[in-house]
Amino acid sequence: MTTDDLIALRRDLHRRPEPAWREFYTTARIVDELESRFDLDGLHVGADAIADEQRMAVPDDAELDRWYVQARDAGIDEAILEQLEGGYTGAVAVLECGPGPTVGLRVDIDGLPREESNDPDHHPAAAGFRSEHEGAMHACGHDAHATIGIGVIERIANSDFSGTLKVFFQPAEEIIGGGKSMAKSEHIRDVDSLLAVHIGLDHPTGEIVAGIDGFLAVCHLEATFTGEPAHAGGHPEQGRNAVQAMATAVQNLYGIPRHNDGKTRINAGVVEGGSAANIIPEESRIVAEVRGETTELLEYVRANARRVLRSAAEMHDCDLEIDVGAEAPSATSDGELVSIVETVATETPGVKTVLERDQLGGSEDATFLMREVQRNGGTACYVGVGTDHPGGHHTSTFDVDEPSIGHAVDVLSGTIERLAREHP
Amino acid sequence: MTTDDLIALRRDLHRRPEPAWREFYTTARIVDELESRFDLDGLHVGADAIADEQRMAVPDDAELDRWYVQARDAGIDEAILEQLEGGYTGAVAVLECGPGPTVGLRVDIDGLPREESNDPDHHPAAAGFRSEHEGAMHACGHDAHATIGIGVIERIANSDFSGTLKVFFQPAEEIIGGGKSMAKSEHIRDVDSLLAVHIGLDHPTGEIVAGIDGFLAVCHLEATFTGEPAHAGGHPEQGRNAVQAMATAVQNLYGIPRHNDGKTRINAGVVEGGSAANIIPEESRIVAEVRGETTELLEYVRANARRVLRSAAEMHDCDLEIDVGAEAPSATSDGELVSIVETVATETPGVKTVLERDQLGGSEDATFLMREVQRNGGTACYVGVGTDHPGGHHTSTFDVDEPSIGHAVDVLSGTIERLAREHP
Amino acid sequence: MTTDDLIALRRDLHRRPEPAWREFYTTARIVDELESRFDLDGLHVGADAIADEQRMAVPDDAELDRWYVQARDAGIDEAILEQLEGGYTGAVAVLECGPGPTVGLRVDIDGLPREESNDPDHHPAAAGFRSEHEGAMHACGHDAHATIGIGVIERIANSDFSGTLKVFFQPAEEIIGGGKSMAKSEHIRDVDSLLAVHIGLDHPTGEIVAGIDGFLAVCHLEATFTGEPAHAGGHPEQGRNAVQAMATAVQNLYGIPRHNDGKTRINAGVVEGGSAANIIPEESRIVAEVRGETTELLEYVRANARRVLRSAAEMHDCDLEIDVGAEAPSATSDGELVSIVETVATETPGVKTVLERDQLGGSEDATFLMREVQRNGGTACYVGVGTDHPGGHHTSTFDVDEPSIGHAVDVLSGTIERLAREHP
Amino acid sequence: MTTDDLIALRRDLHRRPEPAWREFYTTARIVDELESRFDLDGLHVGADAIADEQRMAVPDDAELDRWYVQARDAGIDEAILEQLEGGYTGAVAVLECGPGPTVGLRVDIDGLPREESNDPDHHPAAAGFRSEHEGAMHACGHDAHATIGIGVIERIANSDFSGTLKVFFQPAEEIIGGGKSMAKSEHIRDVDSLLAVHIGLDHPTGEIVAGIDGFLAVCHLEATFTGEPAHAGGHPEQGRNAVQAMATAVQNLYGIPRHNDGKTRINAGVVEGGSAANIIPEESRIVAEVRGETTELLEYVRANARRVLRSAAEMHDCDLEIDVGAEAPSATSDGELVSIVETVATETPGVKTVLERDQLGGSEDATFLMREVQRNGGTACYVGVGTDHPGGHHTSTFDVDEPSIGHAVDVLSGTIERLAREHP
């Protein structure tokens, strides 16, 4: 594959961003690419790629259907698509190249529910590959990640690597819903070393971070407040106002005290409530996310958040239901792998700076796979690949500087080859 | 029409509740009923029934289409339906019966965006005429109102009434969006006396309120807060949080001081914000309603609400847009008409109690029509017809006690006949 | 007594405003005036004037001492002062003038804890009788009320009134703390008719309101939140923040829904919390007041307020204590008395307008005395005497237009005389 | 001085805690001790010890007088006391011991405005040296710090140290009000090396931290909201409620987003508002503290806090004044000094653990002195001396384990001697 091929693939995926568990087009396109280009020794698609019962936060059928139909209408291979029905997106590709270690590479493939910028200064808009899915966008570079996964397979297939390569095309990272299901699948069990990769993260093109740490443990909570409706003009006193409960909760969630032991985070990311201007709102909802630098800190914020939600409900005489959503742990990159990445990166053309370590400061469910491999006695490393991104991650003007895709392919495949040579 | 005919009509309308400006099935059903049963002297449908430029708070095309298609799929006459395209719902029926006064009757026909109860104790559920439109319900009796309009036409057509009867089947009362457009149409101009009617209002079956006053002036405000998204884990400090702005606004809107001069009301009836758990919310919205017992009191609450919204936006460094939505004034029932209604009601079989006056304590855009007629030198009266309603207005278990439909037809047609006799 | 005497007395009292239960100078000055001028048949001072156990919201000893010492230092008669020790302020004066009805007049005598304006446009400042007690002020006209009490005794003493007059110089009205103790004293038992009086209330000089109604039932609540202190920089997570609890409570107290049945009020009138900028606040306090147009409405607000306070405490893991403070009921003026006042007022020189009735819209613990008299079979009436007041009641620029003192004396003594003639 | 002498001194100071700028007894006691025991070469007291114009947050005269009188009544030497009038507390002691470096030791001496525990388990209560000043307490060990200062002077006076020792007995650390005035005095100019010391900080008795860093930059803000009073029952709409403004501000201050670059802190440490239950509050006040791990982070929080305060005022139509109070920068301990402390501590009897570095995680105005010395080319080091403290710093059960006073004297005087030997 030429650089142009990779860029074309990335742009095609960029045009069709699909949020968590709805990566129908994306997965089918990846599978199609893999099947047509490579002679793989294994290709596990959809339900075969994961531990089914570990999927978290899967949308309802109506939502899945909408995206499924959209993917089909885009003209993708229906035979592949059928394997994905029910939101079973994602795939694991296996390439056996003789005796040697089993090396895993995890890339995530989902998009975000946000509208992409139309500004002519926004490169995808100017160059004609802006999102065609209204309200969805690849605003975190997972289009590039999927492309990197393909690029690494091709590079390894054409190298003298001896060992087995498994590439995990993971769905639903943005809602930390997919990592656990891949970590608990059988495919991870024999992985000796796992690499994960993320582009950007405020590092410029040409900068590589050999080992990223500082993953915040994270948990999603969805709170539903149920009160009593009433006519807002005629009998306001008969209502039990679920929107007042929600607003009280939001104000106090953000007021949970900072903790001296490390980072904590809280976000009321999605809220809604009420049905009409003239009805005292009967129902409201908060989708919140809490994080902590460690499990203890996560627990601290979570316990406080629960108390806030409970008291806010009581304050307005509402009932409360809290659904615990997806969750991901913390993790660390192993020094041994980090130093291989560091060495390889230093020798990679186009790479100008190599940092040994940096902190993510956010969450990631790659941590499920990393911890699983480490628990089995293997090593894991999360690699950062700088890219000049004009807008911040998750904003409407995020974009990747495409040469960084090549850097990622170079550094990751170089690391995989060297790993096999050093630990045959 | 027998009582059974009226009940059957009411139940059919109940099964197909349509919110404001989406009363496609409802209007078409009324028009069909009118055309097939009566030899009317005028029937103005859709755009012909109103002053176009005065429609307020019309939904967007996608929303209108959805309901239009649903009405069509229900098998309604397409020729009628076409006259309603673009949300031009409602109709004015004219019956000329010789020389005499022009008497208007205004009934409203829209449903509410709320789920109807499934409880077997809820009569429409038990008797099989519960709403078939998910998330919509006739929770304020407008199904009965439309039926009363038909019933009165039939009764007058078969009476010795001399004069002209105009029945205004008004759309979009629940969002106070339709009244003004009918009040500003040509059809109101020659009306000498206007009656409006509402069922229920906490009065039991058999009780009539001859003249209702105490309409709260009302105004809808829609506030949109726009901040800046950011990754909630990685860079919370880069966000400008539109949900925090919204929550601050909600808390302080409900905290606007009570006013000693009379009733004031505020409700943040619909709120929403944010796009994903892990993104600092970039946008949020409040659909609020403010009311006052007088125009001055409305203005007091509105000015305070605007200041609260503006300061909440500033507090979280967000931009703010406030759209002023629909609005309705206050009004009073004229004593002359009230006493005719009172007299007629006292003589009506089934009516057990007659109250001369009561306060609505809510808002109504019938006030636009009432004030217009009064401005032209005519008189107006808003009549309350008691009905035992198990749940409160606007709640999921609201229902009407069907004999009250007959009471309404009796009292209103009796009043119209007597009016013509007394003021020929 | 000449008009000038009355004005001089009012100004002397104005210079020495004393808040609830601290009316040492005021009471002593009144007693001195009464003893020196009149040959009374009874003068009950301090503990003798009230039912001791019914005093509400008496300040602590240190506070009482401070005001006691200040009164003594002002050179008031120590013999009188000693009768007031312990905050036993107030007096009841009895004048027996032969057979006839026992008529009561209740006037209140306390000041408010607020700084008086220094503005040269403020008459007391310009004319040299501004408050000499820093932070205290007669901002509601009770200086005039006490003067009116004296003026009425003098007028009646010199009239042909046959009956008994009792004037109740009541302490602690502003905190609704004194009314009940006078209502439950023996002095009220034989009162056949009770008059109470208030000056101002937005009525201009020359306007009399014969009978005021619309007293809001009222109750004071004092909430104390106790959390856990912590170093705000080093360990914010170890605190349980009583100021966050208080702020949450304040926001939600003012958000208690309005009630359709009538007026409700809530005020967090005094708040405080915390000990130092760098300590997470361990304790906070809200002194709140709730009111309702009826007892039911008071109960509605009170129950909601309690739930808000409780939930706010829970939200920040604080303990809560609620002390129920003073309380006063609603009351109505009897028509019979109202019409006598109306007649007399109409004939009084200087009185330009007489309103039969008006609503107070606030609270008053005269209601305790009114209800007690009514319970015993007597009648009661609360009379409003207009006065041009440049600033609102309870503001730093409130003042009374002194001719209105004469109007009050005229109307009240005229009413008392007429009452005795009509109901001998 | 024996260990018992030091303990007796510490307990005497503990019994008489005096908050910032009110350390009259404390300073006089220290000065008395210094004068009676040592032959000092300089003793600068009160105004002579500081740069006058740099004092921050000095209380008003009434408050100063109250504490001054209390100190005088405790029988302290009036001649010394007079030097402290006007809140000029603190002292600098100078001991010249031949040629060599000038070494400074800074100890702080003020108490906190908090009630000390009465619990028999609280050692000072049980052993009879609990605070005799109601509402004040040595809850952060400054009684021990002052004692350590005396102890070190005595040890150095009796050692073979060659050089000059200056001990800075600094007032007003708790409100970060005194450090700058000592840092800007002439006494700091010739200091070559500065040691500062703090006891406790969650380290157990026997543990020494050679060099503490991680001082949060800090700033105090005092916001005053001024609205409009009104009668809460009669005319709530006429008020502009300063307590609602304050509560809105508190809720949103604590909601200022966390920052990814490091620690931020916010505390509304003292709040108050309103004058009476029945008056809409006209005025309120927040004494807040903001901190950041760096100057930039402090600036981030401060700018956000200002916007919150401003918007909260606007929301309730109040005026706002913000007084910027005291402020302290960040600082770091120099490695050279740290390693001397480390070496000495390791050899000190009773010391069981020595940590090279730790983070304070709070603020300290010793940083003013440290930065001044460093700016002049000298070195500075902040030493932590572990002590078992049953309650947290700033809580009512804080206490020091007295043997740690000896450890501090040993380590600090050992360091001073070694420093002089190594850098003669």
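Order of writing sets the labels: A, B, C and D. Residues in every chain begin at 1.
In this section, a residue touches a chain if its C-beta (ideal position, glycine included) is under 8 Å from a C-beta of that chain, and two chains touch if they have at least 3 such contacts.
Listed by chain with UniProt protein names: A, B, C, D = Amidohydrolase.
These numbers come from a predicted model, not from an experiment.
Q: Between subunit B and subunit C, how many steps is the shortest route if every step has to go to a touching chain?
A: The distance in steps between these two chains is 1.
Q: Provide the C-alpha centroid distance between subunit B and subunit D, rounded to the nearest whole angstrom.
A: Taking the mean C-alpha position of each chain, the two centres sit 67 Å apart.
Q: Hey, how far is the Cα centre of subunit A from the one of subunit B, in Å?
A: Going by mean C-alpha positions, subunit A sits 47 Å from subunit B.
Q: I need the residues of subunit B touching at least two other chains; which ones are they?
A: Subunit B, residues with two or more chain partners: 234-236, 241, 244, 248, 251-252, 254-255, 257-258, 260, 265, 280, 361.
Q: Answer with line, ring, star, complete or other to describe the graph linking chains that touch.
A: Topology of the interface graph: complete, with all chain pairs in contact.
Q: Note which residues of subunit B are touching subunit D in the complex, please.
A: The touching residues are 234-237, 239, 241, 244, 248, 251-252, 255, 257-261, 280, 300, 307-308, 310-312, 314-317.
Q: For a test of understanding, state which residues of subunit A touch subunit D in their complex under the given definition.
A: On the subunit A side, the touching residues are 251-252, 254-255, 257-258, 260, 263-265, 361.
Q: Which positions of subunit D touch subunit C when the two form their complex?
A: Touch list, subunit D to subunit C: 112-114, 174-175, 201, 216, 218, 220, 228-236, 238, 241, 243-244, 246-248, 250-251, 254, 265, 267-281, 284, 287-289, 291, 325, 360-363, 392-396.
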